[in-house]
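See structure below.
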């Protein structure tokens, strides 16, 4: 997994049907890379999050084959 | 997922049989990387798109084992 | 696989239900990249570990679909 | 997918049994990275090809679990 | 796949149970990256090898869910 910080939210009205309805958050990783992750936890801007990537991200959704390759799986506790 | 911009279209007449018939679009990612993604949404040049990568991209196709590792899953709304 | 060194531990109280209860360790890879890996072996800070990445990391868990993309699979013997 | 150019062929007489018999081609990607891809299309040196990577590459082979993480899926038409 | 050269062997006495017993070899890729790959072929130091990465590497093992993301699949013939 990688650590990142939520920097905003993205909307995509025109989308494929199998994309889940959850929030798509812009996340900046520690090395500066920008990715977009699905957020099932209701995280907000500035929050430090734990992100999993690849096909395991899609496994969170049981009933659909979600085309998701990045998922927020936790909010990192402050030290 | 990653954000990219459509920069053109690519044709490959000589191709393997299991490659779906949809448009193969050239997409430039935010970090300058060039990738080629299958587009089921009819996106055009200059459009900002959301791209998923890896084996989940192939999961969009039900009836075939599509050899696709990048799929456009949404068109990003303008701010 | 890649080699890394454990640099600390991370807590995420707010987390998705399918995240296993094991320790989430901060691991610094040889090239300086920071990742977070699940540790089923009880490794400690400063220990050199062998990390596997991607969907095979999740395969370690039989009964749940763990959203894990990095797993410590061994502790590297000193020379 | 990524675009690359065929730069040669590689032989590996000592190999695992499940490696398919097709040609293993050296391919230089646009960013200079060198990879080796299995070629089911009979491409030649200097040809511009479309390469898919990861587990979907192995899905092309029905009867065996091919240990292939890169597959040429098309030859790119000249402009 | 990628090309690499065997630079040594690694031992991990403390390991998870599903890690296969084969040799874990240090392999230096062409771009200087260091990875560790499982070797079912008995390759030696200095040998040029072909390495497959990701979940297809684990597919080589039939009876266990091996937590392996890199596998040596061939030894490259000298020119």
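When the chains are written out, they are named A, B, C, D and E in that same order, and each has its own residue count from 1.
Criterion: a residue touches a chain if its C-beta (ideal position, glycine included) is under 8 Å from a C-beta of that chain, and two chains touch if they have at least 3 such contacts.
What you see is a predicted model; the values in this text were computed from it and never measured.
Undergrad: So what's the Cα centroid distance for chain A and chain D, whole Å?
TA: 32
Undergrad: When the C-alpha atoms of chain C and chain E are each averaged to a single point, how far apart are the two points in Å?
TA: The answer is 20 Å.
Undergrad: Would you mind listing the residues of chain C that make contact with two or more other chains?
TA: Expected reply: 54-55, 57.
Undergrad: May I ask you to sort the chain touch graph into line, ring, star, complete or other?
TA: ring
Undergrad: Chain sequence round the ring, chain A first and chain B second?
TA: A, B, D, E, C
Undergrad: Can you name the residues of chain A that touch chain C in the complex?
TA: Going by the criterion above, the answer is residues 1-3, 30-31, 40-41, 50, 52-57, 59-60, 71, 73-77.
Undergrad: Contact residues on chain E for chain C in the complex?
TA: Touching chain C from chain E are residues 10-16, 18-19, 24, 33-37, 54-55, 57-58, 65-70.
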